[in-house]
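A, B and C label the chains in the order they appear, each numbered from 1.
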Amino acid sequence: MAELTYREAVAAGIAQEMERDERVVFLGEDVAAAGGVFKATVGLLERFGPKRVRDTPISELAIIGAAMGAAMTGLRPIAEIMFSDFLAVCWDMIANEVAKARYMSAGQMTLPLVIRTANGSGARFGAQHSQSVENWAMSVPGLKVVAPSTPADVKGLLAAAVRDPDPVVFFEHKGLYATKGQVPDGEHVDRLGTAKVLREGGDVTVVALAAMVPRALEAAERLQREDGISATVIDVRSLVPLDTKTILAETVKTGRLYTVEENPRLCGWGAEIASIAAEECFYDLDGPIVRITTPHVPLPAADALEDGTVPSVARIVETIRRTAG
Amino acid sequence: MDVVMPQLGETVKEGTVTVWHKKVGERVEANELLFEVNTDKVETEVPAPVSGVLAAILVAEGGTVQVGTTLAVIEEDGKPRAAPARDAPLSPVVRRLLAENGLDASAVTGTGAGGRITRDDVLAHVERSKTGGKPQGDERLPLSKVRKRTAEQMALSWRTIPHVLQAVEVDFHAVDAARLPRALTYLPFVAFAVCRALPEFPALNASLDGDALVLHRRINLGIAVDLGGEGLIVPVVKDAGEKSLPELARAIHSVSEKARSGRLAPDDVTEATYTLSNSGRFGTLLTAPIINPPQVAILSTDAVTRKPVAQGETVAIHPVGVLAQSFDHRALDGAYSAAYLRKLKQILEERDWAADLGRGP
Amino acid sequence: MPTLTKDAAPPNTAATRLALFRSQTEIRLLEKRAYDLFLQNLVKGTSHLSLGQEAVAAGFAVAMRRDDYTFCTYRGHAHTLARGAPMVGILGELMGRTCGLMGGKGGSMHLTSVPHGAMGSYAIVGAHLPVAAGAAWSAQVRGSGQVAVCFFGDGATNIGAFHEALNFAVVWKLPVIFVCENNQYMEYTPIRSVTAVEHPAADRASAYGLERIVVDGNDADAVYGAAAAAIGKARGGGGPSLIEAMTYRYSGHSRADPGKYRPAGELEEWMKRDPIALYRARLLELGTPEGALREVEKAVQRAVDEATEAAKESPPSPLDVIERDVWADGGSSWRN
């Protein structure tokens, strides 16, 4: 085991896969010479050379298009879109082209590509550089969607994403880049489509993603200490494929389901999970399913405002405390 | 406002809710009787702390909880809460479990927020019902709280204390002369005699505490009272040694009455140093009583019957009864106990009882 | 007058010329059949035909290597066929049959035959230009010598992806040839009225440091010559080219459009320069026997007829393909 930061785990994951398979190539804005604006891809150009690690112009359509063209002709590209907000700039490529090529060609084309992007709030960058848009990707058939919360998961799930034969949109959380965690030595490959139960409790089940995971864990500690409410906390990790088995099993155990989502209110990823649970666990629910989300507003920039918008530990605690009876 | 389990005695740690006098949704006035609590066989009535509506009962009758636990919630006048809990809709899992078990919601106690029936409430109810099933033919009577407590104490005593029984036969002729005109029973006389004898035999008015014998200065006489099939209770007459015979008689009468009518306070049953067990009215010859630890002895008085006794060279008919003492052989020996008993006999047979009684009742 | 690059190399063998003739004829006859099937309501939805534009597709296809990549728009029957995709597969796809190239999953606008290098027909204007650049990048990384040829209409020159792809391809020196089939009209609007320059592709080449190339899109030899030169340059590591081929479409934008927005006489003028008629005449002039040409025409017609019957006999695509092939494992599951 070694302690890595979340950002170091990104570079380590890419390096692991580029080392293993010469078909893996990497492109994006400022990713090579500068090591990435978030310093998440430091050292890759030096290690793998300018043929396989390339800086691009500010051309999101071209970046994703090139990744798609390369993927359909034998390479395994990793493309970076600097801020997940910019997925909107190349959304045609992602949603109309990449997601659908295999289906429309009846399987003639395989697109083993990974789109990595920095998602989420906390850096005070304002509404166009702070969004959580993993729910956009979740809603398009043909895209796999991953959002890790720890350095170990970053490396392991990135490796799994690169090795997956289908398009994967890999949402790193910019607010977590500096966080640290233990990462297994040697080759580390995780599995897409698996959620992790991080904490077992008997009273409520809390499902969270990415930066909301550490907040949910902290809230669970406080609820135990202050209210004697014992919470199960699940890190979803993978929205598509979705580990519904684990999530539903843990929901049935407590009868109470909560989601903690950084997406704005409408159509956040938790809405889908809540809907599945309401349909498939209805007769095991001991109370309403409650979603704890960002309100349906663009994100404000000022630090106090941003912190007051996205679900905080205090808001998670207060919501569960108020409704868990 | 939360209604909590009160601290009913300095040494009391938990209590059992025995009766709710109000239903959820009923109005209750401040100081009106709300519920009853049993602590160590003593029943206490508890009034409501405020006026309002009983919004929720969180501990049902029969529930035993620690002091301080919330038992119920009163929605105070002027401080309204949300919809009354009992009417709260049943959750899907609760409805399913009720249906699967053939239960009605009214049968289940709700411990959720505001008294809501939770999934665990139904599951607990089902579990309790299972263990309460009757086998064919036999009738199963659950033991009362008091009997259970008595049983625990008896077993503990019998397990830990090496009991030795000694008895003397006492001629109550002198006692009769004093008691009959005043319609007293034998018990106060025996008690008075015990109080006169114990100071000469302090090891009997003592507690065994590990490897030490604690000699008590005060004589707190426990008077064992039979609760008519519901077990025994031993109210205590504190400082019995300082009471005159009439005072002692009144005190004994008082605690016995309180015991029988269930009006003892928790402090009424603590700190006894020596116990009298009066089986007289049952007509028995002799009883080997069980010591109440941490005491080291207990005296039983059985039936007093008219028998022929030798008086000089002639035969007279006198009231005769047996006093039997069980003592803890770890704390003292037979000779000591026997001497005490002889002293008791002597006091009972030779004391000037008229003087102890004085004039008047 | 359209200009050729100085490296342009017109075909100089009879075999090549016959191949060009054959390819154009196949496209013409297949597209006419597709039109008929549409009128018979056997082809549903929409179809974008290349009638009148055959020379561009044929000229490039004959000049390409078997393992080169073709990317085209929703007006892609011609290009897909020219790369060698089976007629029965194309007609079957148009009619939603099991024998269709994509089993009815993609339809007319998305004809794809990866084994023939036909890497998809794309329905979002301009989207495939960056994809073609990516395929070229892949060839560059792998050192395979393959090139990508990307066909698009005049309308695509005004969309963002066009500009991103051109710049990207030049900066990375990718082996991709961008071919603008300028048939003068976007859907219903003349291209001139919405474009800042006269030649929507060629007049932008200099913005990307590329040579201005305009060819007569109705002259298969001219197209072939320009294609060979550009492909040769790309394959040799010389980077991308942008070629504007002037042509005209006989039908409306799509089957649903009768093309009434064209000025009177314009269509007739262009039909005088029918590419196949032109080429037929030239071959005869160069000494190809009339009989040989007629043999080709008869054979192609036979092939089209056989393919039509075969496609008609193929059953409609079954419902169970609906949930297949979202993922590489052949399924579409998003949960466990």
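One rule holds for everything that comes next: contacts are C-beta pairs under 8 Å (C-beta built on N, C-alpha and C of every residue); 3 or more make two chains touch, one makes a residue touch a chain.
What you see is a predicted model, and the numbers here were worked out from it, not measured in a lab.
K.L.:
Across the interfaces A-B and A-C, which one involves more C-beta pairs in contact?
P.N.:
Contact tally favours A-C.
K.L.:
Per-chain C-alpha centres versus the global one: which chain is nearest?
P.N.:
A
K.L.:
By mean C-alpha coordinates, which chain is most distant from chain C?
P.N.:
Here the answer is chain B, farthest from chain C.
K.L.:
Could you put a whole-Å number on the gap between the CA centroids of chain B and chain C?
P.N.:
Using C-alpha averages as centres, the distance is 103 Å.
K.L.:
Using mean CA coordinates as chain centres, what's the gap between chain A and chain B in Å?
P.N.:
Inter-chain centre distance comes to 66 Å.
K.L.:
Would you kindly tell me how far, in whole Å, the mean C-alpha position of chain C lies from that of chain A?
P.N.:
Between these chains, centre-to-centre, one finds 40 Å.
K.L.:
Going by the contact rule at the top, pick out the chain A residues touching chain C in the complex.
P.N.:
Residues of chain A touching chain C: 25, 51-52, 54, 56-57, 59-75, 77, 92-93, 96-97, 101-110, 112, 141-142, 165-166, 193, 240-245, 276.
K.L.:
For chain B, which residues are in contact with chain A within the complex?
P.N.:
It comes out as residues 91-96, 112-114, 116, 118-119.
K.L.:
If we count contacts the way the header does, which residues on chain C are in touch with chain A in the complex?
P.N.:
69, 71, 101-103, 105-107, 110, 112-115, 119-120, 122, 124, 127-139, 141-142, 146, 148, 160-161, 164-165, 167-168, 171-172, 321, 324-330, 332-336
K.L.:
Quick one: in the complex, what on chain A touches chain B?
P.N.:
Touch list, chain A to chain B: 255, 282-287, 324-325.
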